[in-house]
Each structure stands twice: as C-alpha cells, then as structure tokens.
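Can you keep this structure in mind? I'll have questions shortly.
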Amino acid sequence: MSFLKNCWYVAAWDFEVPASGFFARTVAGTPLLFWRDRAGTIIAFVDRCCHRGAPLSMGRREGDAIRCGYHGLKFDRDGVCVDIPGQERIPETARIQTIPTIERDRWIWVWMGEPSLADPDAIPDTHWLRHPEWRYKPDYMHYAVNYLMIADNLLDFSHLPFLHGDTLGGSDDFARAPVKYAPLDNGVRVTRYVRGVEPPPYLAKVSSLSSRVDRWNIYDFVLPSVLLMDSGSAPEGTDLETGERKGSFAFRGCQALTPETENSTHYFFAHCHNFSIDDPAVTESIHQSILKAFHEDKAMIEAQHRSLTLAGDFQPMAIQADAAVYRFRKVLQQKLAQEAMSP
Amino acid sequence: MSFLKNCWYVAAWDFEVPASGFFARTVAGTPLLFWRDRAGTIIAFVDRCCHRGAPLSMGRREGDAIRCGYHGLKFDRDGVCVDIPGQERIPETARIQTIPTIERDRWIWVWMGEPSLADPDAIPDTHWLRHPEWRYKPDYMHYAVNYLMIADNLLDFSHLPFLHGDTLGGSDDFARAPVKYAPLDNGVRVTRYVRGVEPPPYLAKVSSLSSRVDRWNIYDFVLPSVLLMDSGSAPEGTDLETGERKGSFAFRGCQALTPETENSTHYFFAHCHNFSIDDPAVTESIHQSILKAFHEDKAMIEAQHRSLTLAGDFQPMAIQADAAVYRFRKVLQQKLAQEAMSP
Amino acid sequence: MSFLKNCWYVAAWDFEVPASGFFARTVAGTPLLFWRDRAGTIIAFVDRCCHRGAPLSMGRREGDAIRCGYHGLKFDRDGVCVDIPGQERIPETARIQTIPTIERDRWIWVWMGEPSLADPDAIPDTHWLRHPEWRYKPDYMHYAVNYLMIADNLLDFSHLPFLHGDTLGGSDDFARAPVKYAPLDNGVRVTRYVRGVEPPPYLAKVSSLSSRVDRWNIYDFVLPSVLLMDSGSAPEGTDLETGERKGSFAFRGCQALTPETENSTHYFFAHCHNFSIDDPAVTESIHQSILKAFHEDKAMIEAQHRSLTLAGDFQPMAIQADAAVYRFRKVLQQKLAQEAMSP
C-alpha cells in the first residue's frame, strides 16, 4: 500500500516545534525535521543528510541555517548546502529536500507530494482550535496500526454504545438510530440524530442535563484522514436541524490521523466545547472522558490488528453501518489511482 | 509447514475456561474463543467477528449468546448471527465458525479439521487425570519454538542423564540402556528398562527407595503430539515386565504439545503418582522436580532454536537414539500428505 | 551481503575465555565456542552439535574433550566424536568443525575461511597491547548495525569536531586540515597534521599541554576491519614528520570491528598511551573520555542506521573527506569478488 501524497497531513501541534532547536517526526514513511527560523516561521526538511544519511535533527542550528552533527555539512533554510568542511566546491546535488508546510490554527500541516500543487486553501477549516469562544485540551496518541483501521473506527459511530457505554455512548438506541450519509468530493458526511435518550455520561458529568435529551452527531471525514464534527445534546424536543438548538451543549471535534509508517499512526485530537469555557475543570473532565474512550478504541483496534495479522485471508462482511467506511475507502482508492497515473 | 488438521489438540485445562466470561487461546494458527453455556457445556468459536475481524473475546455474554464488543453483532451458541444493530436483514454469511470441542478428563480438546470427521473415540485415554487413586498438579508452559522441537526432546529420553542429572536422570547408564521401539498407527511406543541403578533424584526425595532400583519407562507418543507414559522404579530384581511390580513407585505422565503458531507452542502436562496420594507435600515435591527438569529442557531447546536460526542449511546427524524421533516424523509426514491430497 | 572469509577476525579479549569452562560468541554469522585445553591453548569450535544442533557451549568439559549437554555426544580437541551414548559405531561424519585460532597480544583471532590459507603472519601488529611501556584499559562494545557503518565512521575523522567537540575533537580546524590518503594492499593509510590548535579536551585533562599544540593522526585501516593508529599532540612547532616529537604525548590506538551478524557488530578497542604509565588515574581518565566519544559515535551511527532503514533507495553523496571510505570499500569488494570466484 502506498500513501496519498498530494494532500495536507497534520504533522504536529504548534507547541511541539520549539522556537530554537529541532522537532523530528516521520510522516507517511518519510522522516521529517521541523524547525523555526529566527522570525518563528516553520521550516520542514526531510530529516536525512544528503551526505551519508545521518538525521539532521541530531545536528545544530546556526542562525537560519542548520549544520549536520556528523560531518558538519551546513544547509540554509532552503535546504541548499553552503559549507562542506575541508572542501571548496559544493556540488549542485548537495541539498536537502524541503517540504511545504503551513502552521494554521495550532496545527502544522505538511504536503508530501508535488510542491507546486500545495494549495493552502485545501486545508480543512479547524478554526475552533483558536477561537476565543471554544475551549479544549490538545492531545496526541501514537498507534501501532495502519491509519485506516482507526479511520474505520471513526467512520462508524455505531460502536459507541458497545465500546464506550460508560463514556461517550449510552444505550443501544444510539447504534440503532437512522444515519444519513452524503458523499463529499474528498470524503463523506455522516448525520445522526438520536432523540429521547439518556445524556451521554461524559456530558452528564459537566452539565445540568439530567433527564432525556436529543443528540446530534454531524461530521465530515475527509482526505487524507481528518474528522471535523459538530455534535452535542439538547433538552428533548429541541429543533436540532433548523433551529438555534437553544439550551444545548455543543462540541466541535477536530481529529487527524496521519500515517507514520505502514503500521503506525499519529493521532491528533481536540474536543472543543462552547459552554463553561471559563471553568478549566470542565475542560479537563471532558478531556479525560475523551481520553478514556480513545483508550477503549485503542485496545480494541490493536486487538483487531493482532487478530487480522493471524488471518491473512480474512474478508470483512459489510453491514449497513459501514456505508461511510466504504464511501471513504472508495474516494481514497480513486485518488491513489489518480496519483499512480500522473506521478 | 502446515499443521495437521484432522486430529484432536489439547487446547486448555478445564479450569482455564470460566463458568461465565471468556477464555482465548490460539491453536494451530487460529485464535479460538472458549466459553460455557449456562449448562456448563464448552463452546469453541473462531475468535474473530465476521464483520471486521475484532476478537469476540473482547465482547460480552448475553445468556447463551455472545455479543461483539466493537459494533454489537450478536451470535447464538451455533455461531449464527441473530442481531446486527441498526439493520433488519441478517445475511446468511453472518456467522462465526464453531470448532468441535470435547471436555474430557480435565483436558479440553479441539478438532481443527473437517467437523464431520471429529470422532470422540479418537481422543487418547488420559483417565489418570481424574482417577481417585492418582494425584498430580496440573500445569502449563509456553514455548517460543515450533512444537516439533519439543516433540524431538520427548521422543528421545537419552538426554535425561545429561540434561536432568539432578532431577529425572541419574547416571549415564540410563542413556546407554537398550531401548525398544514399536511402531503405532499414529505414533510410536518406546520401552526402556534400566536395572540396578540409583533411584532417580526426584523419586528419592519422596520415597523409601534408597538402594539400587530397576526403572521402567514405557510411553506412547501419538499424533498430533501427545505423550502418555507408564514409568517408575522398583527394588532391584523386581519383575517389571510381566509381574505386579510389587513395592514399586509408579507414575503416569500425560503431556500434550499444541502448536500455537509456527514458532510457539502450548505445553500441557501432569505427572500422576499412585503413592502417598493423601500427602500434598509429596505431590508438590514431584511437581517441583518435574517443573525444574522442564525448565532445563526449555533452556536447551530455546538455545537449540537460536542455534538453528543462525544455521539455515544445518542437517541433523541421526543416531540410534533418534529412532522414535524419525518414526514419529514419518507418521506425521504421511498424515500431512494425506490431508494435502483430500482437503 | 556476505562476509570476507579468508582473513583474521578479532573474536575476543584473552581474558574473556576462562581457563576452564566455555566462552561463546558469534562471528560473521557463525556461532563459535572458545575453550582452553589443560595447557591453556585456545580451541575454537563451531558452537553447534552435529547431532541436532544444540549449542555445545551448554555442555561440559571432560579433560581435553567436551560433551554436549543435550544427548551426551563427546568430542575431542580436534572436534572428532569419541562417544555416542547407547551406540557402538561412530560415523565419520560425527565431528565438529574447528576454526583456526591464534591468541596474540591479548586478542584472540579466528580465521573463518579455508584453514590451509590461515597464515599467522597476516595478523596485524598490535604489540602495544602487551608492551611494558604502554598502558590502556581493554574494552568492548556491541553495536546493532552492520560493521561497515562503523568502519565508515573510523575512516573519516572529519567528524571529530562536530560529534566529539568535548572529547576528542576541538575546533573546525581539525575537519578542515588537509589529509593524505595512501592506498595499502589491504586497506588505506590516512595521515593528518593539524597545527596550532587547542589541545584535544581528553588530553588536556591529563597532560601539561595547555597552550596551542600540533596534532598528528596517522592510521592504517586494514581488512577485515582493523584500525591501527599513531596519534598525539606536541608543543606548537614540533617537527612531527621526521623528528623525535620531543615533549609530545603519544597514543597507539588498536580497534577491531568484527561482524556478528548482518546487522550487529563486535567492537574491540584500546587507546594506549606512553606517558604517566604508572598513574592508573590517567589511564582511567583517557579511557572514560574515549568511551564517552564512542558512545557519541554509537548514538549517531544507530540513528543513521534507523534513518537509512526508512530510505531504501538512498544514495550517499561522496565528498572529499570520504576518500578513505571509498578506498576501503573498493579493496573489500575486490577481495569479496576474489573469494566468490575461488570458493
């Protein structure tokens, strides 16, 4: 399997890349080095010296240039070699590949494909991550499975009551509620309303909602693997579809899966809320609930990975709840095929 | 290499499978889920949901059915799907493969091949494991080598004085004693009498035998990999072959090797004794001696495994003591060839 | 890749092989067993019983013979089997391959190729390791990379100021100093003089040199992978090339890389000094500095190894400082090709 190249991957939270010094992370099989010039602008290099392959992240900064820590080759911010100790002439080939990178709304995005195609407008809108009326705790998990196994999980929320009964889910009603799927150019939109159910446990902890509620979950899951979700709960009978959702408690979820290697994944996530925004205990409580649920997912998905490792010829059996899973896989396959045709 | 399929493998001790809840173990490369219905009868499923491959052992019991812990598919005791949350129609293919299983004399046996061929009468007799006149402590070891390397060890007891001098063995006389080999349809019978030797250390600890003894070791090693042994020691000069073996101390060994994967093995064992059966200290002493000896085997066999890993082209050199090893390998190859012909 | 066979590899320090008992180490993919006969002479066997492949190092000594710890086969000092328990006739093929081995100047050398070609005179001169006017602390490191990645490091000292600034190196002057390369039949000679620089930190600690010095580094790097180095520092202006190097502080470095497997290496080293030879604190200080520097190398080389593992198609870019690297690789390839032609 190969990874989609002409797309924006989330590579880091902004605070992971220090003002001076280096940050190293592998994206889609390629080790990357992130650093900031003196003006604070993010620069991304392939983290491999052109001389003998040593990681440049073991080197040092010299102003707006970096020097390899092994034999001392020095590269400017464009990756061009400007010094080879003991040698006058610097060959044309002495350069490091730079990777288009954009820091926006606290995420650092990278474009692993053809640089001339890197359109900043193609980055999904995650403005909740820096909006003053929303709060969240940024977090990251590392998974030892292919990123699509986690995508499958996020594309089908019918697992909530079975896997997350004590955190996100609730009764089986959630899984049995009708779901609408709408194809998007680069993914799929999933819409689910569940009416007259218990408030989800993680919300009940931090809200005044105690009797029955109506819930909504509307999310786009788009290439390469980003989930943007509008969800929440309101008193039973609220008009969720066209009205103002008065008295509701709303969330904006921003999650990104970035393949590290064929069998490992970076998972960036934030679960923003627009209530009690000045009460850090509420933000922390929501975050801990989300984290607990995500660890429930991780235990299941890694077990599923081990199970499939033992079953080379396993063919999954599609059910109705998988509609978004298959829609997303189809869009991904189409884009991969396109890239294979015009490399 | 492939594993023999149409045969009974020991999968567990009876107490490993709880009255409620699940027990998971991989046999011959296939992950299995064991559970008991409300009547206590053992049921074995392939531990893999037909939907997306999640292990069913991470799900839950619902009466005499089980529900997957990921997306909630429910299966009855025959493995037939009876509920798919959010979906009316249940396709024919929604089912879990069940595995013929029999609980007998404290071992749980499974048949990994064609179910219609699963003949309960083909299970070897291990009634000592539940007989009131015999005592033992049931145990289990996990090995990180192919099961045949352990079978080789058990098929040639000439290693006793060299590897187990302080536990099972004794002097070199044991290795040099004449041995008789008799072919069986599904294995080999090995008979060894050693006369006028020191009592084996592990027996000397718990018996009144102090001067010279005559020892006997008679065992069948049968497919897929089960050792059933009649052994013991008697005062020197006892008629071991046709008489009552008066004044002797006898053992019945029951051991089963079950491949987990190509390079790992489950090892179930019991060393039953018919003397001092009301003295738990004797049972414990015998067990600890056996365990010590088995760890001596494990250290050697795993070292042998590492050695052979570095020597791809190594050809073993057969010696006379290997007669049973080669007989058993031949029977196994014949059965494997038969299965390959009529799948 | 295959290893050079007709050459002497360092397999151990003399003190690693006890007077009685065994020492096991894998060289060039072959597990070896070292032991000493009653006269103290070193014997090397392939550490694998011809019967079923068990490591002989788990057996026992019986005078000047050894007995396998599994089934008791006994071999004399020439590897010839002299006893098979329970069997009269001993087949011709019952023997263990012996490996030509020589203990000289505290190193134990082995010849992994055709025994008749094993010429003791081909062993490099390392007499400083036992000379009364030199001191050092013998040491060993294990690396989880191919031995040639470490050889590359030793063949190009331009990395000193960048990787070892606080230990061996100093300013960039060292890397920028002119270097002479001279081809040798079995390797390469590297000569570097650096004049008017700070004394290297590790020498400053233990010598009276405080102002500027002239440094010399002259070393042969020869097949299979041995570095023999004449180096040191003298007061600025000393005639280093033809004179007596009066007032200088000199070192003789002896280092040997021995492949264990394709991706692991034994590294033997000594950094002999000819001053303050009766002050153990000086010897210890030098050793600790060297050790610190070697761990700096190890961190970089293992990072380089991980980096290259992710970059299957990486092509290094040669620079002038690589001259010795490419010379040595060429000599090695020629010898490997010769061995492939006349096996």
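For reference, chains read A, B and C in written order, and residue numbers begin at 1 within each chain.
Keep in mind that, in the parts below, a residue touches a chain if its C-beta (ideal position, glycine included) is under 8 Å from a C-beta of that chain, and two chains touch if they have at least 3 such contacts.
All values derive from a computational prediction rather than experimental measurement.
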Practice problem: Have a look at which chains touch which and call the overall pattern line, ring, star, complete or other. | Solution: complete
Quiz item: Does the chain A and chain C pair touch with the same residues on each side or with different residues, judged by whether over half of the numbers are shared?
Solution: different
Quiz prompt | Separation of mean Cα positions, chain C and chain A [Å, integer] | solution = 48
Quiz item: In chain A, which residues are in touch with two or more of the other chains?
Solution: none
Self-check item: Residue numbers on chain B that touch chain A, as the complex places them
Solution: 26, 29-31, 47-48, 50-55, 58-59, 67-73, 84-87, 91, 93-94, 261
Quiz item: Taking the complex as given, what residues does chain A use to touch chain B?
Solution: 152, 156, 158-159, 161-163, 172, 175-179, 299-300, 303-304, 306-308, 310-311, 314, 316-317, 319-321
